[in-house]
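For reference, chains read A, B, C, D, E and F in written order, and residue numbers begin at 1 within each chain.
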């Protein structure tokens, strides 16, 4: 803990995920004073037809 | 925000998802007075072997 | 199942919550053909200082 | 309710999932006095590149 | 990881929570072969007016 | 979207939360190329008796 869940559209590559978890962990460590080894991050990738805003599927927006 | 996460068995088609997010968004907008463009919905689809009730996997119920 | 988690700012009263769960359940039942007694909804209420958009706390936006 | 979400690396087989939900349900029933038929469990399986600890992807740790 | 989130009605005391996390951790360790120190559990306590089944708030059921 | 949920122990002040959401948003924007106004963050604060590691409540660790 802290435990972070991030939900985003699928399609990012491993380089982007590597940088995402590195920089998010740094952000958490520096702002709320948690040791880095306690920061856990789960990435949830979503298909565009599984996300909606304003009642419209992202795949149709 | 509001942010809605719905977890359901896989197998629904895009027509069902389109109607799901349209009608859920309408329900949220009308009941708690949020503007439609603020309502975000994430659909999480689950395999039947990843859901259990009463200690029994749905795939074996 | 389906299981719905909705995250919204605190401050809604019980009348609004009653209508929220009634109408969201109806939306789910009608769109994805789930029996009403299987629809579970969890409401998560958030303080304004616990929600952010574009990097700004809602309490300061 | 209670509603349990468990996030774990992919790769477990159905036998392991069957035992997981059986024993977790028993644990919940015995400790917080909930009837078994009310306990719902959702298993979220993650790819190793979608989980990080200490800022490092599990696939690279 | 595994990371477990459990959502349940408020009102359980610390003795019940202690037994809940002890026995759930044991269930996870024994069924999916994860080391105990990797099992993280987050308990989310809900007011009865924040949980609904079949479109009815638990506080009114 | 992206939508971020962070679960952490209660006790951080508003200055820490402000910096947390500012720097996490920046991390997401820079790593996965999302526009800042699409990044939503929800902070879930937990009591120490509602978090466990290795089967032990944080309040008793």
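Definition applied: contacts are C-beta pairs under 8 Å (C-beta built on N, C-alpha and C of every residue); 3 or more make two chains touch, one makes a residue touch a chain.
Please read all numbers here as calculations on a predicted model, not as lab measurements.
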Worksheet item: Chains in contact with chain E and with chain F: which ones?
Response: A, C
Practice prompt. With residue numbering as the guide, point to the option in A-F, B-C or E-F that repeats C-E in over half of the contact pairs.
Written response: E-F
Practice prompt. Using the touch rule from the top, work out which pair, A-D or B-C, shares more C-beta pairs.
Written response: B-C
Worksheet item: CA centre of chain C versus CA centre of chain F: separation in Å?
Response: 20
Discussion item. On a C-alpha centroid basis, what's the spacing between chain B and chain F, in Å?
Written reply: 24
Worksheet item: How far is the middle of chain D from the middle of chain E, if each middle is the mean of its Cα atoms, in Å?
Response: 11
Worksheet item: Which chain E residues sit where two or more other chains touch them?
Response: 1, 3, 5, 7, 22, 24, 26, 40, 42, 44, 46, 51, 53
Worksheet item: Can you name every pair of chains that touch?
Response: A-B, A-D, A-E, A-F, B-C, B-D, B-F, C-D, C-E, C-F, D-E, E-F
Worksheet item: Can you list the residues on chain A that touch chain E in the complex?
Response: 1, 3, 40, 42
Practice prompt. Spell out the part of chain C that touches chain E in their complex, as residue ranges.
Written response: 5, 14, 17-18, 21-22, 24-26, 36-37, 39-45
Fill in: Of chain F, residues touching chain E in the complex
7, 44, 46, 49-57, 59-60
Discussion item. Going by the contact rule set out above, which residues of chain A touch chain F in the complex?
Written reply: 1-9, 12, 16, 19-20, 22-24, 26-28, 30-34, 46, 51, 53, 58
